[in-house]
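One structure follows; several queries about it will come next.
Letters A, B, C and D mark the chains as written, and numbering starts fresh at 1 in each.
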């Protein structure tokens, strides 16, 4: 079934799928973080998304902005570390951009995520190639926008975004980190995939899983 | 060459040979002490006998009592732990018993060592079968006395004493310790040879090596 | 993983319960995970708040009390606490004279404290100042990255600035002093073994039996490089040299800390302190005060760090002022 | 073996040099390996002397100072010091009011202190009394053996009896109090890992990754038995139950210590303290004072011990009296 909008229920399914993915890959994310960080990214994301899904169940939202802002606040108040403010800001800004609607079309979803990414940059000052989550999200959004502009449906846009995120994530491997905890390692950070870019890619994996199923 | 006395020089050679044996077997003694104690008997004996041989070199004695009392004091002041007072007392009392002579016949040497062992018992209250150095020294002295009484020369008496010490040492293996640090283990002390019985056996090994070479 | 814990998930809650049970002078908010002094902040006294991931005890909860912090926010193990915790602590500890946030320089800590300050100021109008501690010389090229990490100097800063706040200095003065202390100290650490994060269940890094990790971070972040394990004298040089080549410590009294990482026995810390003291004497540096012990740890990591502060007369006087916390206590 | 040392042979000398460098309040006799207060014993004050093998820091050197010990004799790692050291400390610390020897119950320690007392009394006529601390309930059938070991209660005894001596109580009173404290306290410990004696170069015992050693000794002596590693709550029961079944602690205020063995981080000690406090509360025991931290260690061993003292009002008052040592400090 080809659709051109994402409903509130689909957003909830997306978040729940994201929770499942980070939970399944908790050890892998922590392992990536052990190599160039402090061995907590898997626990952080699992704890945060667990809280998010619980919150959604306990206090259902009737509009997209309400949902996403609540997700952002839950992440901010339950994750901590670098991932908490960054993922939290991503969803908070996404909610503000989306507004009090009950569904988003492809362009609006892309614009909301782009606003979220701008928030991440405002907080963390990351640039392309700094070896952070930015390096997965930014190309994914470019691919999403191009697909939507070219007339693709949501499912096709999501798989284009996922492919770009995966490429961006893998491309962090040789990079020397310039932001976050991995930057302390200098040259020794090269040769390892960035944990945040890996969890961000799961955001697009979750989206693709949700809108194509 | 069969002799019936032990000279001052032979006593010094005996002590020096004892130093060599505990030093060579330092790790082994410590390993025995790891199993049922605190992993220091090898270091303790090596440190103590090292100090003894150094002291003998620096301040030569002209009489047996002077030599043995000095050995005892050196052990008391350099070893610590249980072995320090026990081996120290052994040599102190041995010196007192031997008196200001320049050599000892078999009976006098046996009596001196017996006085030393009485000192060990006075300090440590060990009885036969408590799984201590007593269990090697006591049968060794019985064998020595019997050999000397039976007309054996020093070399023969020494090898009889050594054989008895070895037997006594090996017999400590199944025992449950009732004295010293190993006693804290209760039943778990069984199945291990006592470290102090092992170093004491080296005292007779050193004697046999010295008087037969 | 061998740890005295119930479950990896309950580590923080259980430890806070233990701190609460052990220290009647402290008040623990178990919901927000904040450790306060039992007595509310005296009117007119600037409140000092710090916080960070757990696993560095006694930092920070062990430094709450007279002469040091007013509150400490505890994050999950090695994870910065969240802005709502800090905002709550800021509101509760403020007596009207304003609040200083003492932040160790890690991206997460800095961002969370920034959000907390924004939220607290917006919501209640409390004046919040902050100092970001960044003393770890192990991090090189720090201009192009997240900068140097905040490590042992945090302990000195909390002590000295805490005494200034206790004296009644105002927020501007306390903040200026905090920056001055931060500018005057440097640290360097190394590990003999990795730590094991409870939730990860295995050591963060593998270190062969004959190797040590030079310039390790307090969260088990790998360091500058690895090399063969050496004797205490050479290890001391590896810690002291980078500090002394980063800053000139001669001509002023120094406060020196030989800090254990959590898994190193005190006898080794004294052996290391001896070597460090010899090197400092040879470099013409006068050690006026010192600490030897576990003050900022990395769970069960074996290793140590050296912190040197180039003090002045005011800092020394504030150092000697009474302090009454679980981790540092004298003069009362 | 990964240790911050120069050589196994120089461990003790180097550590004493570090203690000397770090603590201007202490005077270290490097030849006799005795740590004294920098100030000589006040005339009329009974002198308290303890000592034992090294590797248990802060015990005993860290407890020399106002309100606790007058001198501590340091032996090689895990080896009792020698009588000449103790005799020298006895002579130097005596102010004419006599000397109390505080001896942990190990064959070596007892014999060496006995010889020292004989030698000191014979040579200089100083009055020497002694107390042998034997609080470890891990040792069973102790009537037929060397008896119970002396462990954590030593810390409490040195604090309480130290305060009594500081008050000016005479040798008989101080000695009677020491025996009363010894009769009123019990301890029990366990290990998650062995310690490694520097001169041995490898762990004293092997403990599989999923096992713990219950009732371990502070020299790495194997304990009562081994069993599967369990959670903090069950471990606490394993420590508290044998203590409570050995002695009735209800009806009097208790002083409780949750002691780390050297390689255990503080966060785990607080988790354990929480469990112990819950058990004591359930057993109707009122904890009046507590210590959580490393006070009597076993080199780098991971593990902990619990000590409980059934105190009375005098002991509590003496506990609260000022103390100023490297390892315990309050009220001054």
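Going forward, contacts are C-beta pairs under 8 Å (C-beta built on N, C-alpha and C of every residue); 3 or more make two chains touch, one makes a residue touch a chain.
Everything numeric in this text was worked out from a predicted model, so none of it was measured.
The chain with its Cα centroid farthest from the Cα centroid of chain D is A. Chain centres here are Cα averages; for chain A and chain D they lie 55 Å apart. Chain A and chain C have Cα centroids lying 32 Å from one another.
For this pair, chain C with chain D, the centres built from the Cα atoms lie 29 Å apart.
Chain contacts: chain D has residues 77 touching two or more partner chains. By the definition of touch given earlier, these chain pairs are in contact: A-C, B-D, C-D. Residues 30, 34-40, 42-44, 47, 76-86, 123-124, 177-181, 183-186, 188 of chain B are the ones touching chain D in the complex.
Within the complex formed with chain A, the chain C residues making contact are 53, 75-84, 106-108, 111-112, 114-115, 138-141, 144-146, 149, 197, 199-200, 204-205, 217, 219-222, 224-225.
Residue ranges of chain C in contact with chain D, taken from their complex: 2-7, 11, 14-19, 21-22, 54-55, 57-58, 62, 77, 192-193, 209, 212, 229, 231-233, 235, 258, 262-275, 277, 290, 292, 294, 297, 299-300, 302-304, 329-332.
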